[in-house]
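Notes follow once the structure below has been shown.
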Amino acid sequence: MNARPLTLSDAVAEFVHDGDTVALEGFTHLIPFAAGHEIIRQGRRDLTLVRMTPDIIYDQLIGMGCVSKLIFSWAGNPGAGSLHRFRDAVENGYPHPLEIEEHSHAGMAVRYQASASGLPFGVLRGYAGTDLSQLSPTIRWITCPFTGEELAAVPALSIDVSVICAQQADRRGNVMMWGITGVQKEAVLSAKHSVVLVEEIVDDFTPHVNAVVLPSWTIDAVSVVPSGSYPSYSEDYSERANDFYAQWEGISRDRVAFHAWMTNHVLETKDHAAFMESLTAIGVTT
Amino acid sequence: MNARPLTLSDAVAEFVHDGDTVALEGFTHLIPFAAGHEIIRQGRRDLTLVRMTPDIIYDQLIGMGCVSKLIFSWAGNPGAGSLHRFRDAVENGYPHPLEIEEHSHAGMAVRYQASASGLPFGVLRGYAGTDLSQLSPTIRWITCPFTGEELAAVPALSIDVSVICAQQADRRGNVMMWGITGVQKEAVLSAKHSVVLVEEIVDDFTPHVNAVVLPSWTIDAVSVVPSGSYPSYSEDYSERANDFYAQWEGISRDRVAFHAWMTNHVLETKDHAAFMESLTAIGVTT
Amino acid sequence: MTEVAEIDTALEWTSDEIMTVVAARELTGEMVCFVGIGLPSKAAILARATHAPNVTLVYESGCIGAKPDRLPPSIGDGVLSRTADAVVSVPEIFSYWLQAGRIDVGFLGAAQVDKRGNINTTAVGEYDRPTVRLPGAGGAPEITTSCGTVIITLRHSARAFVEKLDFVTSVGHFEDEELERQRARHGHGPQVIVTDLCVLRYQPSSREFEVTSLHPGVSVEDVLAQTGWPVIISDDLEETAPPTKEELAALRRFSESSAHSR
Amino acid sequence: MTEVAEIDTALEWTSDEIMTVVAARELTGEMVCFVGIGLPSKAAILARATHAPNVTLVYESGCIGAKPDRLPPSIGDGVLSRTADAVVSVPEIFSYWLQAGRIDVGFLGAAQVDKRGNINTTAVGEYDRPTVRLPGAGGAPEITTSCGTVIITLRHSARAFVEKLDFVTSVGHFEDEELERQRARHGHGPQVIVTDLCVLRYQPSSREFEVTSLHPGVSVEDVLAQTGWPVIISDDLEETAPPTKEELAALRRFSESSAHSR
């Protein structure tokens, strides 16, 4: 069945439920911030979040108490600092304890690939000698039946809904993304349901270097959300708001400042357009 | 080290040796016929040929006695008939016996992927209950360490040299192909050495849907061979010579007719341009 | 071309034509179909051109959502990549698309088939020194086990419909019930065989393919004579609806444009 | 900016600058380098801008052969994808490129390092209730084992250079000799640690990192005071060649353009 056009609010209401395992994927580029904000607005609870590189939007979801478990490989604010809400949850159990299941990037990538391939596990040369391999029940060892070599095995990810950003959808609901496309194709193909935020709908796609097209029938809903990746970026549509990433260090370090910011800009805005306006109102160039 | 520009003759002389395991990959599109012909001209012997879909060029190499073993998954002349030289070798041992190691497409694809990934084996859900899995020492069983499910395991391919066609190279030796790109990227990344035949050298690549770029440093030699894929095709450069595929049924069925054709068009032509002229001379539209 | 037009008016058809038309009818709605070369490709394109315009065609060459307006002479034809929604690598088509269970219907030909829908496309005679070496497995073993259901099409003859395959290239349904249960977790396997004589459907009760429909002018005796095992004739045996004028016109139109494209 | 120009003339430098310059010198010729975020990225870009223009930069975001003319604030910056020879998916970069052994040099930062080049980027304190939760493994475990060699860069302090890691995120060299032999089949592991005080190189004889070069103005005592284990000082101890005018100019030029791009 082809993708349906839905508002982001309707898409989140329909496809993201309390207790779900959710991947909002993106690798610096094309991070679905608008969807994370909408999940916070709708007050989802007890989510298991999956992502190789959880960044500010996961920090926000964790800090707002939406998340009970995080599956990830690198949780930071690249080049700018820490994810203080993530750290506060792990170090101090605030706002409540956060279960973590962590891997290396290579391990997470293989878990996505296994899942997208319909396999129960994947194999990699990795983890040998690491403490992660000692403590994680999701890292086991397997012997090559041809060479006898020992390799690491990791289980496929089981994801209820993946949300990604892409630059464009066509009128039939096929979506196209380009630039750094990360693990988003695998995220969509790993999930039972998927929602794609796009900058715009076009009549026909123009070829791009490294373009990835996901056919309409692999997607449940397409939502048009201009700048839906802000403060991340959409190649050829927007620039990354590096200032915002730097400022997050200050906002997120303090619990009160964090909650004030989230209230002003997320809880009290009705959608992504209003969120962007709320930033403009305080002098942020968006 | 970046790819070197070499004539096809020099590239074959330097990188394809008697006894080597060689993959001339291509999936209907971009099949490196000119390289196969040059291997025949240079009289290579005892080759192990690898390809998912051996077609006419492998039929020619087998018929000319260059090949001692074939690793493959589907050997036919699609839509047109049989590979009679391949069949003659398997059914009658002519010109000499041919060892075969066969897989399904899925199995071959996983073998290429494992090799390109530096893994000793790959896993797939396949082969269960097939006679192939009974007789092939390259199909074994492996148990998922998380679910207990039994899956097939296949060993990585070990390839000395891969030869592929691409549409373009740039001046630094990066190559770009588009249209149906098959398993050619994996073939190059699986092999110790690789040679790429291109239609032309360009200053800059133009974006194409589904373009695959291989960086110069993953390739040993780039040879400019216009229409080097004939009678296969190069999207945006040439059309597939479907007539030729149909005619091959007649040429290849008879040992004498086959040798006469190979002598006239391959052994007695000095290069691919001369091969193409020899076809024009007998009224074939190339 | 004149000849074709005459046949069209009289609504006569060749045995290959009815086989293609009847196979095409198995594709409906928004099915996603994995298409092999030859008759399967012809039937799938016909379905899209007639009653099932929303069927998605996936080719093992990596073309997803191809919309060919003529019969491609191969599954790697440029018309497939140029009209596809997405083109992916061959390893990806087998891993992320076929193995992952994203395909509703697989469409296979065969050299030999048995009563459980096992097929042979590898060798006739001894494997090590075959009398006829066939092309081999190709995508078939994983198509039969990974697609939701599978349609098999081949010409009906006692050489093709055999009691025992010379080589099991692809498993239809296991004799062993436990193996069959495991297999069915990933797809229902072959459910229908369309030949130039009749339609056979898999019956879970008998665990065999049974003849459920005879093409116009074909008798039970014709089918029995061309089947190498005592094939069960369904109690609800029907006569296949003959090809319609529209079906034949569409089939001939793109076969013609294919001939032109030569 | 005036300040920078003054320092430039006097050939003075910050401790971060000398660390970056010295790390950059480790990249030469046509090395293919896997670049992490922060100082590694800065050093790799500096190497390309000065003595090693033919070094190929590969980023875990999938950018192969990126040619940034400024310091990207993240490894997923648009300047990387726009200038790359090829952009591939993140799963592909780890499987076909890193794991396959196509990378000559990996470039890693760390929060803690020990005498064998094991690194911790996971947690300080107990794993289950850490005093400082760090970002985690990222690409590091497989970078250390799959690259030909690995360069580690971090600021030198007794908190960072520890006798025993709180958590082994990535293995440098195994204590067990048999494990170390197996590991070495896929790459030589960390060979150099560049800090703001000195350079340490792995010595197969002692199986430890030894101080081989002190930066100008740094004493052995300074290094010992900031190292949490009795680090071996090489018999062939040298003084690090100071940053040249050209190196500093290039480093400051792209740091400046990075600041502008904000």
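Letters are used for the chains, namely A, B, C and D, taken in the order the chains are written, and counting of residues starts over at 1 for each.
Throughout what follows, a contact is a pair of C-beta atoms (placed from the backbone, for glycine too) under 8 Å apart; a residue touches a chain by one contact, two chains touch by 3 or more.
In this text the structure is predicted, and so the values were computed from the model without any measurement.
**Student:** State which chains count as neighbours of chain B and simultaneously of chain D.
**Tutor:** Per touch definition, common to chain B and chain D: A.
**Student:** Looking only at C-beta pairs in contact, point me to the busier pair out of B-C and A-C.
**Tutor:** B-C
**Student:** If we define chain centres by averaging CA atoms, which chain lands farthest from chain C? Would you check?
**Tutor:** D
**Student:** Hey, how far is the Cα centre of chain C from the one of chain D, in Å?
**Tutor:** The separation of the two C-alpha centroids amounts to 58 Å.
**Student:** I'd like the Å distance between the centres of chain B and chain C, where a centre is the mean of that chain's Cα atoms.
**Tutor:** 28
**Student:** Distance from the CA centroid of chain A to that of chain C, rounded to the nearest Å?
**Tutor:** Centres of chain A and chain C (C-alpha means) sit 41 Å apart.
**Student:** Mark out which residues of chain B touch at least two other chains, giving numbers and ranges.
**Tutor:** In chain B, 113, 118-119, 124-125, 185-186, 209-210, 213 touch at least two other chains.
**Student:** For chain D, jot down the residues that touch at least 2 other chains.
**Tutor:** Residues 86, 95, 99, 146, 186.
**Student:** Report the topology of the inter-chain touch graph, choosing from line, ring, star, complete and other.
**Tutor:** Per interface graph, the chains form some other shape.
**Student:** Sort out which chains touch which and give me every pair.
**Tutor:** Pairs of chains that touch one another: A-B, A-C, A-D, B-C, B-D.
**Student:** Can you check the complex and tell me which residues of chain C touch chain B?
**Tutor:** 37-38, 60-63, 73-78, 80-82, 86-91, 94-95, 98-99, 122, 127, 129-133, 135-142, 145-146, 167-171, 174, 179, 182-183, 186, 261-262
**Student:** Which residues of chain C touch chain A once you look at their complex with the stated criterion?
**Tutor:** It comes out as residues 30, 32, 56, 64-65, 85-86, 95-96, 99-102, 146, 186.
**Student:** Along chain B, where are the residues that touch chain A in the complex?
**Tutor:** 118-125, 138, 140-142, 144-147, 149, 151, 153, 155, 205-211, 213
**Student:** Could you please specify the touching residues of chain A with respect to chain C in the complex?
**Tutor:** For this pair, the touching residues of chain A are 1-2, 113, 116-119, 174, 185-186, 189, 213-218.
**Student:** Can you list the chain A residues touching chain D in their complex?
**Tutor:** 27-29, 52-53, 72-76, 78-80, 82-83, 86-87, 90-91, 102-106, 109-110, 112-113, 124-132, 135, 179-183, 185-186, 209-210, 212, 233, 235, 239-240, 242-243, 245
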